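Chain IDs A, B, C, D, E, F, G and H follow the sequence of writing; residue 1 opens each chain.
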């Protein structure tokens, strides 16, 4: 019985997830090996794979979570509504819902305390869901995260008192919608690596985030890097990898 | 009887169209008549008509200047190279070249001193030609202009010491390329009308100014208005009109 | 207890808005100070901050209104449906609904009579909601506003009889969808500052307002400035600031 | 027996494909045969085929002209510089250069007088080359053409005195760049078929004519049809065909 | 004295603006006056004004229809669902629903027989609603209309047998979605004026009709003119105006 | 042991990366080794690698040609001007210039006669350079190629007589600019695999080929596949691979 | 005598148009005649026509299926939900639902076994519906199809073990969303014709598949051809036609 | 008291703006002061400011270089031709030209040896100038850089032998044009921070780098960050900042 048959049977309801997992574990087909590599890599490296929920059936999300949980993986389900979470909790009572990040997590054990320092900054309150997604991703990947929200460029007096905090970070994640100017302003004040996240907050010619994205790519401050619109998860992962380099040292010379 | 008076009379029913046409024709060729209308309006209102030079033959520019000068008009030729100016000066020795603005002016007399206060701000040195075009247009339209250049968001310490100046303006013209963030930052600090001018300074996905234009249209600071990319002339005219309202008072209640 | 904790508790339902407001008032954290600045500035300058309702939960709108009302702020909630208003009125019986503008206002006291003159013009009846939003914003900011609606370029005979009114304005707000030609036509007839507002009225290649926006940016009449598509609020604020310059005089020379 | 007759006979079953091919081959090389078909149609219908010169070598233009002239065709070479004309005149001394239209014509004989009435209107002087190309195409196709130039929407007083002329046309060609508003304004005043031609006159976000094109497609006046940007030739042909329908009557009921 | 006569007299200098305004005001409220002008023009010229229903409340549609019906106007409500029609019929029992065109009509009397010949061609069955809207508009404007549907370029054998019909038209309306190739193919076979209507039929990179629009604007056949995507109404009006020129003759020389 | 075998062994875990690297290095310098692999593959498969000349210095082109020639490769240099060819011929006297295709070839020996049948069709004469590039690429890859040029949709009578030829092909390459309609029309007449090549022939909203590209992607005829704008080389390679499958048979069941 | 034979005879001059029309009319109504032509072609060539369900009423789908089934056609209804299938099954009990492909099929008889080999590859599980649509289309058109799913570029170890399978194909269909990189990677490893299918899987700047489409068109591997976004059906048809050329041999020299 | 301290005191309300301005002015002219701040920061942090040469007059470049050199700054002039370098060398004999990077450097002293490890990877040889610009920027900022060029996805065998090197980096800069797939492939193989640089290498729908940019933003591998098209300098700066965090350790917990 091939792995694909096993999974189709799960999808068709002919095989329970538990049974399928058992069979998979007992096997050594090419697919399983490679799957194992991924699972293995995640656990070892601490970068959690995310399940992007929009467009997926609850059953599909549950099936993927089951496989991951079986292998001791950290599960991060993004853009998940509370309804979906209710379904998830029935099956995985240990699952947690993160309202602000619209995300579900299911971790194999109590996470060890985060290390280093990632500072996640948001321009407005409407950007917070994306910012929280970044926080969650970075935390699950082992980083200690500090939050600084609602410090947009229209009120610089809200930003300036926190320069100390910003300068103490190994890496900054800066989340902004509308005209996306915050990374430039912060980048002019702080010499730390910056991962900028454009959001789709705005309307009309904000073009679903394109305006903020273009602004960030064209910042007059060199050294700012950018991820896709609303991609808090990607920014959190990038920041965690940079933070880890600082924590672990890496190549010194 | 000015041409506009003729036409108002037509509109007001005081003059038949046939009669109006006859009077107009009596003043010269049809083309000249229409030109005269515009010339008349310009002199009275003080808003100089601009000759946009790119794509025009030197002879064409000279011909337009000749007609305007003949009628006592203020001439502003924008985007003009020094070569063109040499040609112009041969014919109009009083013409002046404004290197920084890439513009030629030819004024009927010594301009009276400007009134009110328009402050023109540029983010970078590369934005200066557009800013200077705005200054020139505003000055020719009767405004007193102050310049504040190279105060982009990457170095806020360059901007902050000039808050007093910014707050003293009747209207601000803010010129910025790349990510176009400066109007938002200034708008958060100063409660004066702001005319934002995106420039094509930048490269690649700056898209010839589109990035700065979109950023300005989507500013998180309300009340910022925007003109076309690199349109220093238009911004200068708009600022002069607003400045004049402040100087002259306008409708009070 | 930090301000952020206070607000999270409100969001989590652990703290009533009234109680939170009391605590906030009693405090002096950095956040509160800066918030106070904004509140202070608004009341002093008369530019009301707007709550853009789409995408916000009714509870969120209510919480923001509560904070603003506590501090004697003028509240303007834009793009608000009647349903939302019913929720608002339960809590703030003095709140008013402006059907045509799709907006809710809650003002600390009877507004003083407006001063100066802002004329708001719309091309079609479908543009009226955006035009009314502009009127409301300008009025809340202290301007006297005159309306002139449904005078699109397809019927110039509807526009011409009102030239007197148009020429009496300190500033014009011109709202138009489809091909967005009205600002050019009015700008050719009237020498007053013009704030043009493109709307998303139209279909297909009108591209949600982009066509009108581009047309306005490329007007053959110099001095027209533009705000974002459907941004009646921004246009109203800009017009009010220009109107105030005329009313208060500003720098004279 | 013309080539088209041959092909109609094939379509009508009167002639076998093999026989038709043989007859065609007897008339020259395959390429010439097909060229001849087009030549035949042109002469009969009076619609001149145009040679679009940009990107073509002078030799190529000359070769095409030679074939056309040999078959008694009317030649219209568009977007042709004076240099190219010098080359052409050496070989075809009867060729004429139309400076304003940037076009070369070479007609088999004195053209008969035009019939009907096509009125070609331009918004600005910079739109004249496109307008002249339309005039030339319509004239070569047998239409009588009247010109009305530089009557853009920024100065309606220049347009209004010519309403009589506009209303006398069988069809109007309206050429405008920048915001492309003129067809809407004229269409609101005159109930004649309108072919609108957007031009690339303007800069920056005029986007090489896209702004005017979109504006014309989204006109609030129904019944305006549009051709490609700067496509004076196409507009002239369309207008000539509509004009011919009026002149010749066509189906009456 | 009709409103238009009043205004022509103003334009002609026969009537003062003040007097004209008084007369207009005597006829009803300002809004009604302006509406009346349009109503007047419609009835005289035979071009029905359309009510574009999407985004309008049923009450709004009913109110506009009531005003129009009261003045003996032909009513054409486009993009109307059957639900809306049920509401309309309750109030106007003579109203008719045109399923294929998704349109409601309400005509003051039995329409006179159409004159001339407009042929409306559609590429596919999915394009029929737009084609039917064009037919309806042309018929209400007095044209005789012939339909030829589902003759797309993928099956030329379906088109060829109808060449006779196509060549007998005063003007062709050609409606096509997807790649929008049909106008080019027909235009290569038939020398009649062609109004091309791109539709949004297709998916993905058809981009809601943009692909067909661009293809039609760039046709290799000269003389094709284009209206906005899905704008059957506009095409029908344009075709009716061209057809009328043929029927009525117009300027002959 | 071939390089590819070495790498599969690495992928399969049969060979350590260190060992593999050693073996690779033993075969020459790293660069040469990898170049050799490509060279090897090309000769064996008969697909010539192309040198895209624009933006390359003549020296660079010569250097690449030298390496390829040294290894017995077929050289195809595309978008090459005659000037470049003169430089090439000095060094490689056997090189040939293909004027119509703007390409240089340098083949190790007399090419064997082509097999199968690829028919390359162009809509207009301006599309010929791209079509010829496709022919050349297909011929160098071993295909027999037939050309059918200037059979655009504006004159179907030019296409129809060649249906026999079109139906005899193993695969068709159809090259068209402007509205890109030809693949749809041919695809409706002929049931052979079609590779469509949009060209940048056209102007203005043809958008450098985007219009033709979109039209081809949205063809109403299923089964048409598309390559990049002006990419004659890619189309020729694709056609040759399909043609080879027909000639060699491939998997039968 | 089939309809196509009738038309070929007309084209070949063996049959007059009048006679042909008479014969066609004798076979049923005009609509049915044209439908019959297509039906005839489909059965003979084995390429099933697809019914694209989105936007169609269930009744419309049923009506089309009825006509096709009546004529012994293979029916393929794409993008069909299970609800629609329930409706279909009531009427056509033999209809089958393909969950993974979101498609309904209704075949006249047991399909003969597929021939040749088409390999359909998908980058991710979210791309499977499009991939399955391609499989179904190719199978209905007579091809034997192998599937290889979830082998995206982020895990090359999942792809490499299947090189043997990939190299055994007559043609590959490669389905990928997000950045669309898989065709390039496979194309670098395997020298078979590749039909690439971009999908709309992704979010934000993936732009509904545009990103993957552009990436595939710009692949650094020559010879990859592309179909429209999410167009599994089109890719399946193209692959089947290429596969058939390999199976049947075609022109050999 | 540093300038930054002055400004913090202003922000904190410890110092009046007037007083701060006075102190600043006391340090020299305003411009020089602010320039000094930047100069100071650069030397301390080791991030060289770049002079982007296109569009600048040689005199302007020389003037900026003179100021920087005077203050002991490291000068990096990007996109500089050899001609410009000749001009520079006349004045600054120690200046160096980096042909591959098209850049000029002028360093105050022998640079200390680089630390850590940045690996810069390019997909093709045409991407090398951008890659070299990244190398130079990173080296001037203190990083040790390794290069790995021409390892595009069309030939994975060229990439695989270098996995060891890739995995040893603190951060990778990956430069790719055309379809921009390389960062995804490398990111699937190596768990290090990746800064992806899209280039404008390609043609037609590569859209000057937009295709590669979009592909990189939509990578299926999480954690990849992106800079602007062709922005090697920005990528080098970002990589150097990340590398420094690894070398210096940063916040550990």
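Basically, a residue touches a chain if its C-beta (ideal position, glycine included) is under 8 Å from a C-beta of that chain, and two chains touch if they have at least 3 such contacts.
Owing to the predicted nature of the structure, the values given are computational and were not obtained by experimental measurement.
Peer 1: Can you spot which of A-B, A-H or E-G is a repeat of the D-F interface, where more than half the contact pairs line up?
Peer 2: The pair repeating the interface of D-F is E-G.
Peer 1: Any idea whether E-G or F-H has more C-beta pairs in contact?
Peer 2: Of E-G and F-H, more C-beta pairs in contact link F-H.
Peer 1: What is the distance, in whole Å, between the centres of chain A and chain C, each centre taken as the mean of its C-alpha atoms?
Peer 2: 37
Peer 1: Report the inter-chain centroid distance for chain A and chain F in whole angstrom, where each centroid is the mean of the CA atoms.
Peer 2: Each chain's C-alpha centroid was found; their separation is 43 Å.
Peer 1: Using mean CA coordinates as chain centres, what's the chain B-chain C distance in Å?
Peer 2: 28
Peer 1: Tell me, which residues of chain C touch at least two other chains?
Peer 2: Each of 155, 204-205, 210, 213, 217-218, 228 in chain C touches at least two other chains.
Peer 1: Okay, in this complex, where on chain H does chain F touch?
Peer 2: Touching chain F: residues 126, 150, 155-158, 160-161, 163-164, 203-205 of chain H.
Peer 1: Which of the residues in chain H come into contact with chain G in the complex?
Peer 2: 123-124, 152-156, 178-181, 184-185, 187-189, 202, 204-207, 210-212, 214-221
Peer 1: In the complex formed with chain F, which residues of chain D make contact?
Peer 2: 3-4, 7, 17, 20-21, 24, 31, 34, 37-38, 52, 54-55, 200, 208-210, 213, 228-231
Peer 1: Show which residues of chain H lie in contact with chain A when the two form their complex.
Peer 2: Against chain A, the touching part of chain H is residues 8, 11-12, 41, 45, 47, 50, 113-117, 144, 168-171, 191-193, 195, 213, 217-218, 222-228, 233-235, 237-238, 240-242, 245-253.
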